[in-house]
Amino acid sequence: MNPILEQIYATILPSAPFVIAAYALVWLALLVYVVFVTVRLKRTEAQVTALEEALAHRQTDETASVLKKD
Amino acid sequence: MIGTTSTKEGAPLAGAPALSLEHVSKVFGRRRAVDNVTFDLPQGAFLSIFGPNGAGKSTLLRMLATLSRPTSGSAKIMGIDLKEDPDAVRAHIGLISHNSMLYGDLTAEENLMLSAKLYGIQNARERVDEMLEAVELSHRRMDVVRTFSRGMTQRLCIARALLHDPDVVFLDEPYSGLDPHAVEIFDDLIAAVREDRTFVMVSHDLQKGFATCSHALVLARGRVVAYAAKDDIDYDAFEALYRRTVGMGVA
Amino acid sequence: MGKDGYRSPQTGGVLDRIAPVVTLIGALLSTAGFVLAFTLAGPVNGATVNGVEVIGGEMVSNQLLFSQKIFYFHMPVAVTSMVMIGFVAYFGIRFLQTRDAAWDERARIAAGIALLFVLATMFTGEMWERFEWGVWWTWEPRLTTYFILMLLVFAYFVMRASFDEPERRATFASVYGIVMFIDVPITFAITRIVPSSVHPTIFRTDSGLSPDMLLPLLLSLFGMLCIAYGLFRLRLRAQELDERVEHIKEQLDEA
Amino acid sequence: MARASIKKPSTFAQYRTLLAKDLRREFRTKEMLTAMGIYALLVLVVYGAALSQTSNQFDILQMAAGLLWALVVFTSLLGLNRSFAHEQENACLEGILLVPLDRSVVFLAKATSNLIFLVVVEIVVLPLFYFFFLTTTQPADTWPLIWLPLLVGTVGIAGIGTLLATITVNSRGKDVLLAVLFIPLVFPLLYACVAASTVVLAGGDVEGVFGNSLLLAGGYDVVMVLLSWVLYDYVISA
């Protein structure tokens, strides 16, 4: 490559990591946020499951009380 | 001078109930602190509001004292709408709570004069002297409130609350922090300043509250569980109901 | 909560139904902006070199600056963060008007997304600055005011954490959200007030941006705004679900 | 017992009453004033240590305005923190809210009293600052103009500070919270005031930079004080 072209493109190679890092960081930030929302959703899901179990438990309790009377 | 309109004259309706609540609620998010409360209280009555902690007693009282706005419903005090003209209501009410609302670094007299000037009492000096006399603190008028005992502070607090001659006086857990002797003095004082005023007290001391009242109201989870004049109430049944609501748990 | 026909904002309506589509459009637009930033947009000239060279039929006598490509993300992300802070203030005003907890919830979530985009702006700016100026930090006016904006958003969350009573917390947060917004126009206008700023003034009639640069920029900008919207609705629905679960638990306690 | 005869006082009369109450309390206890004064003196001592290793050629004039403003900001933070402590103590603020009066009067009275206390402390501290750090140099002839940025800055600090102190007095860890909320919010004001003060102390473009900075600071004051005034009703009723 001729020296003038070399000068013209002088900043491109050293700056490439910074440009790539900048874009990567934006995506990383968005990704982290989505993960955060997902984790919270998972927790809510687990709570709903717990509620369902509690409800089922209540119902079996009642049948037991009915059986005793017989 | 600007804004010298009189708020005292003519505003309260002579025959109006002291309190008139219609579907008053305080809601935030999904939490209903006060839920659809409706009742009327005649003038000159003494209402005691009972209920477990977190039942919404204090929230209800704060709304009636214009310190917080109801989310929905309408409330009238001495015939004046609470939401439409809170300032007019304020001229007719007084509040005595477990917080003294007195400046510790001002003297008894300065504290009362401050209130008198803010309310715009014309015969301020005369009135302050009179109130100090009534609560037996005349000899202490030049002392800063910080040096007062709990009972003396409470007495001065009564003087402050009654300075502008309110028609309705709210008492928010007034006994908390008082020893039995101070409670006695407090009751005597309240009886002395009763005149034709309406009193509304929030308390969780059932016996004390019931002894002084003319009307009783039980609040649980923000809702009215029972409301009647004392003459119509069978105390044993009332006590049983109270125990049940307290047992119902804390929100 | 009917008063004067006021209706509390709901989730699950049209705003939520379009959210996935909007997010998708946002992803497509920002990707297109990303690609065009490297292909369509011309390079920006830096220092002059000793000589001239013909590249692609054009005479070039300057260094070509690759680091400037960061701009096509940096600026849209920054604008999005400011728009989100604007929404925090708007929801705050709505809350103070209506005392409806739903608005406070929206303000909080908007502030969270604003924080996300503020951080993204700081990251991209930091990379650019480090390469161009060779320093990690300098008290340049735009940089400083934006940094302050970040601190304000932090302060918003610190404040929320300091109050337990929900209505009081909501009121104070709304007030702070509104006051905080004052810094946004200042940050935006600082390049005009203090002209020594190294940040160029973009939004003006003679912005000096050629159409080939403006297109990827605008694509990225609208893409980012769409993504912010999608994230907002997603987080809002998740939050609403959380609250419904809490409510059911409370009702089971009582039963 | 004689009945009270009541005539609603003018808003201005209520403002005067509240202001007089704050001044009387403060000049009796001197709580805020002594705390702020001693704190300011201590900051000056710390400055002494911080600058002790600088060489003789070091141009203190270029830094003087910045140091002075750092002093003002931290001292006012301390004062503002205390300004609502006694209102909170026995729920006195509630007592004032029970009176039929416009809520913004409470804001104006409190902001005025805070402004007065801050100005009193500045009047004491400014000569001390000169005595400790500026006697070795010759400030520019324009130095007397420093009162202008100081006043404009202090008005803004008192206005925003009063709003924020009302918020933080109810919180856990109120001292830290006030600093966290307050410093970023007054930053633009601080920036402009430091610029204006540096120009009058060290010399420079008095017409351009000084005027523009003051204008900026003044504009910020107006916006912030108006906003605080409007929003105060919500804050104090919460």
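Letters A, B, C and D mark the chains as written, and numbering starts fresh at 1 in each.
Criterion: a contact is a pair of C-beta atoms (placed from the backbone, for glycine too) under 8 Å apart; a residue touches a chain by one contact, two chains touch by 3 or more.
What you see is a predicted model, and the numbers here were worked out from it, not measured in a lab.
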item	value
Set of chains adjacent to chain A and to chain C	none
Maximum centroid distance from chain D, chain identifier (CA atoms)	A
Middle chain, criterion being Cα centroid separation	D
Selected interface, B-D versus B-C, where C-beta contact pairs are more numerous	B-D
Averaged-CA centre spacing for the pair chain C and chain B, given as whole angstrom	50
Centroid spacing, where centroids are CA-atom means, of chain B and chain D in whole angstrom	38
Mean-CA-position distance for chain D and chain C (Å)	33
Averaged-CA centre spacing for the pair chain D and chain A, given as whole angstrom	45
Residues of chain C engaged with two or more neighbouring chains	167
Residues within chain A bordering two or more other chains	none
Shared interface positions of chain B, touching two or more other chains	69
Chains grouped in pairs wherever the two touch, ordered by label	A-C, B-C, B-D, C-D
Chain B - residues contacting chain D, complex	1-8, 65-69, 86-88, 90-91, 93-95, 97, 99-106, 110, 114-115, 117-123, 126-127, 130, 134, 160, 163-165, 195
Residue ranges of chain A touching chain C (in the complex, touch as defined)	2-5, 7-12, 14-16, 18-19, 21-23, 25-26, 29-30, 33-34, 37, 40-41, 44, 47-48, 51, 54-55
Touch list for chain D against partner chain B, complex	1-14, 17-18, 21, 24-25, 28-29, 86, 89-92, 94-101, 237
Partner chain A, residues of chain C touching it in the complex	34, 46, 49-53, 55, 60, 62-67, 69-70, 73-74, 77, 113, 116-117, 119-120, 123-124, 127-128, 130-131, 227, 231, 234-235, 238, 241-242, 245, 248-249, 252
Of chain D, residues touching chain C in the complex	160, 163, 167-168, 170-173, 177, 180-181, 183-185, 187-188, 191, 216, 223-224, 227-228, 231, 234-235, 238
